[in-house]
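Each of the next two complexes has chain A plus one other chain: chain B in the first, chain C in the second.
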Partner chain A sequence: MSAVVHEGDRIAAATATRRRRRSGALTHAILLLGVLAVVFPIWIAVVGSTHDASTIGRGDVPLLPGAEAVENYATALTGGAGRFRSSPAALMLWNSAAMAVLIACGKISISLLSAYAVAFFSFPGRMLAFWTIFLTLMLPVEVRIIPTYQVIVDLDLFDSMAGLTVPLMASATATLLFRQFFLTVPDEVVEAAKIDGAGPLRFFRDILLPLSVTNIAALFVILFIYGWNQYLWPLLVVNDRSLETVVVGLTRMIGNGDAQNEWNVIMATAVLALLPPVAVVVVMQRWFVRGLTETEK
Partner chain B sequence: MQRRVIFNGTALPLLLLAPQLAVTAVFFLWPAGVAVYQSVLQQDAWGLRTEFVGLRNFAEVFADPDWRAAAWNTALFSAAVAGLAMGAALVLAVQADKSIRGARAYRTLLIWPYAVAPAVAAVLWLFLFHPSIGLIGRALNANGIPWDTRLNGGQAMALVVLAAAWKQVSYNFIFFLAGLQAIPKSVLEAAAIDGARPVRRFWTVVFPLLSPTTFFLLVVNLVYAFFDTFGTIHALTGGGPGKATETLIYKAYVEGVQNTNLGSSAAQSVILMVIVVALTMVQFRFVERRVHY
Partner chain C sequence: MATLELSGVEKSFGATPVLHGIDLRVAEGEMIVVVGASGCGKSTLLRIVAGLEEPTAGRVRIGGRDVTALEPADRDVAMVFQNYALYPHMTVERNMAYGLRIRGLPKAEIARRVGEAAELLGIGALLGRRPRQLSGGQRQRVAMGRAIVREPALFLFDEPLSNLDARLRVQMRAEIRRLQRRLGVTSLFVTHDQTEAMTLGDRLVVMHAGHAAQVATPMEIWARPANTFVAGFIGSPSMNLLEAQLAEEGRAALLRAGPSLRFADGARPGPAGRRLLVGVRPEHLRPVAEGEGGAPLDVSLELAEPLGSESVLHGRLASGEAVTARVPGLVAGVEGALRLSIQASEAHVFDAETGARLDAVG
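For the complex of A and B:
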């Protein structure tokens, strides 16, 4: 009798294990499929960047890397390619990096200052200032293309790094984030600083800034990517090839998407264009997820 | 909301606000105002005289069959991108939320396309689906499916949707996963004890609890599809073939930059502003509610 019960238990347990294992296999299969769909276009780009132009031009894109990697990347970095002869990628990468860092730092500094003013001071026009900043959320470049372009021309900022970066530095999301964080700083901290004789600027520099480091780091990751990936704005305000950013330059290399393009060098440039922001996300994953979920709260 | 302990002074806070307000005024408010102003004016063919025409520019935009086609394209495109990117992300997030081996690795691998620029994503997908050199494009043609995004508008739209949605999956994945992890385990255990099978458990317990996240992502995805995919379309199809992939933003750009039709472009900008304002208001009303609960 007891042997039979045992046997039944064993079978039940085995069935449960099998079911769990089968659902586990399904989970892995779905996730692997997702990863494949995510990675495949990039893998093919990497492969494309390691073969010679004629292999790709014939339409025989292989699935494994070839031997021309060094040559292709060297051509991309120093010479540029495509019948439209883009700028060398090294220059474009530098422009993109400068633009991304300037936008990120600019947004963070401007927003820190204004969030501090709105959260820690009481003065006439405080709410008006707050709502004015909030309004910028509702006016992305895309909906006011021509008038903004006009302003850039009038201010003589066309074809300049300032024209490329300064107009993108206003940030409602960063200001809202810092303000929200500042509101959580305990009153005791402010009182203690005041009793110790710290003025508003000193309090900001010695107490508030060190407390905000985590938020600043998280925001920097998001804003660096935002800056690096700008497209419409550089397309509008930069004509000078020496200021071309890599994202815009890459699409210029394609022209009409002819099969005769030097696709191997184009793909090398594409890989170079996506590497820096992807590296930032992978290396700073913790900050990145935090920054993303915090700014959207 | 206001802190109890605050500093005194008016000059210092205004000085601190000055940079932000200056950039906002010069590059946001002024251009937006100019757009509204220009939208009620019309220039004659030589650009010599400008006259006030009231809402005629708007009437002309709404009556323009090209604009209507672009509006329809935008609706179709946005719905497809949001649906595809959110659906795929939800499936992946539900799987990644389970306690399985390698969960962290999967997460990392699924997150990073967020960092790829929309225009670069477009180049990657063009390289895959190019009719004569693309791996998939050539395979389709070789197997009797005529594939050419430069001739077939429907295929061009499908490719633009794919390239735009591909990039957005990781964003939605991060938020769905965070939403799933915030659901108390006790709720799920209670449902399991009540005998609900996993699929039923998902639709009757998990999905309703995820609805705030879903709604938030819907708004974000629509905004993304509306405004951030300009680069995707510009790099991939240039609005073509014909005007098959021309969205409202793309049309406003073409109208203003290439055709320099100021009145019409301004009217289109104002219409787009109304759309953003509406979407942002919906988003913030909802966020406020979520904070209160």
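For the complex of A and C:
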């Protein structure tokens, strides 16, 4: 009797295991499909950047790397491509990096300070200030682009790094984020610092900033990518080729059909344009994840 | 080390009054415990002394200096918070040194003070750790250390023991008392725990609804509570308050439950029939022995709680009033009648209207 029961148990267990394995295989298949869908275009770009112009020009889409990688990347970095000879990618990458870093740092500093004011000080019109900042969330660059353009021209910031970055710095999102974080700092810690004799600036520097490090890192990653991917504003406010960013430059490389596109160099530039954001994410990932998930208290 | 003097300190939050004129003089090196139920204003009082809250009226003087308008940092006070309020990103050492670094003390002096305090508190091995890596008791010590290194005129404690488990609390309580005696720093300690209050304080301030109901030594408060609130608040289980009327010539109280209690120490003022509350601590209600004086009370027993060396009895008098008694030994039977007696010398007499203590005249 008991042997029969055991036998039955064993069969049931085996079936369960098999079922689990089968559903596991299915899960993995779906996940792999997802990964392929994401990776494939990048693979095409990477492969495309290693062939000569005529291979792609013929309309073939090679799936395996070719032998022209070094030449293509060298051309992209130093020469550029397209009918109007875009600026060399090295310069454009530098411009993009400078713009992205300036925007990210500017956004973080401004929003840290404004969040500090809104979260810790009581002054007349505090809530008004807060809601005004909040309202700008509804006004992305695209909506206010004409007045912003006018302001930049009036301030004589056209064709300058300042003109490129300053209008993108004010950030309601980051301000809100920091404010919420600041509100979680226990009152008692604030009071302990007061009794210890820390003035407002000292408290900000010694207590608040170190506590916000993970949040700052997480925001830096997001904002760097935001800055890096800017297209419309740089296109509008910069005519000087020496200030061209890589995202804008990339589209300028693609001609209007009068001449053959140098897809190999374009692909190489595109791959180069991918690398800095990826590097930022990889380097800051540890803090980034901590900043999004963990509060240190 | 300094004196602390509060005169007429009042505080309202908007239209809600929280403190109604507190006067207090704390002598040098004295440990004052402010005790009261939650919402009585005790924390607000402490925060006003610390400078974290501004009084609506009244003055605060520390060491004779009027500090009412000064910032917390300029008052030369150190505070230990309920949640310790350590800086999470700093090591223990930096936590303790932070206040000194801001004040610009030389490095060697800071190191000396931190070292001494760490040794005093037995946290020398933890100096490199962060608060997150410490247990509750260790954090408590660090918070104390942060206060000690400042060598302030005044220590302020805001319920610092209430986040610790029971055993640790008893241990830290004794430690705080020892430290305070040894350092001789004038201290103000806020708690809702009467045991803490009784054991820690040189004097207690019993707070009730924004008033200081009584300011006195622990034994004085226990032996001669100034009003029914203090009588009921200090002592566990709380004092029984029995309804009564003043007899002719004020020489006795006629208990509503039946017997009359002749005052041992003299007459109470007022007309006959004045409504009184007679307070008797549970431990002063004793089973009647042969040939004993005092007023006998017939109690119908409802519940007996044996606590080992003693039992707490809950019962009801003929008048329907509930009484609690603490008697030595174990009481077996749960139900039944019991005769307990009140000694006149152990009874407290209060006015039923105002709740104020009535002492014998002359």
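Convention: the second predicted complex is superposed on the first by the 267 of 297 C-alpha atoms of A that agree within 3 Å, B and C clash if a C-alpha of one lies under 4 Å from a C-alpha of the other, contacts with A are read in each partner's own complex, and residues count from 1 in each chain.
By definition in this document, a residue touches a chain if its C-beta (ideal position, glycine included) is under 8 Å from a C-beta of that chain, and two chains touch if they have at least 3 such contacts.
What you see is a predicted model, and the numbers here were worked out from it, not measured in a lab.
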item	value
Chain A as common anchor, with chain B and chain C clashing or fitting	fit
Chain B versus chain C as contact partner of A:202, first or second or both or neither	second
Partner chain(s) touched by A:211 [first = chain B, second = chain C, both, neither]	second
Partner with the higher number of touched chain A residues, chain C or chain B	B
Partner chain(s) touched by A:119 [first = chain B, second = chain C, both, neither]	first
A:74 touches, of chain B and chain C: first, second, both or neither?	neither
Contacts of A:192 with chain B and chain C, given as first, second, both or neither	second
Partner chain(s) touched by A:37 [first = chain B, second = chain C, both, neither]	first
Where chain B and chain C come nearest after superposition, their Cα distance in Å	7
On chain A, positions contacted by chain B and by chain C	191, 194, 296-297
Interface residues, chain A side, partner chain B - complex	23-24, 27-28, 30-31, 34-35, 37-42, 44-45, 48, 56-59, 61, 109-111, 113-114, 116-126, 129, 132-133, 135-140, 142-151, 155, 166-167, 169-171, 175, 182-183, 187, 190-191, 194, 200-201, 203, 225, 228-229, 231-232, 235-236, 247-248, 250-251, 254, 257, 259, 263, 266-267, 270, 273-274, 277-278, 280-282, 285, 288-289, 292-293, 296-297
Contact footprint of chain A on chain C as seen in their complex	50-52, 71-73, 77-79, 81-90, 98-99, 102-103, 132, 146, 150
Chain A residues within the chain C interface of the complex	186, 188-189, 191-198, 202, 206-207, 210-211, 296-297
Contacting residues of chain B [partner chain A, same complex]	1-10, 12-14, 16-17, 19-21, 23-32, 34-35, 38, 88, 91-92, 95-96, 98, 100, 102, 106, 108-128, 130, 132-135, 138, 150, 166, 169-171, 174-175, 178, 198, 216, 220, 227, 230-231, 234-235, 249, 252-253, 256-257, 262, 265-266, 269, 272-273, 276-277, 280, 287
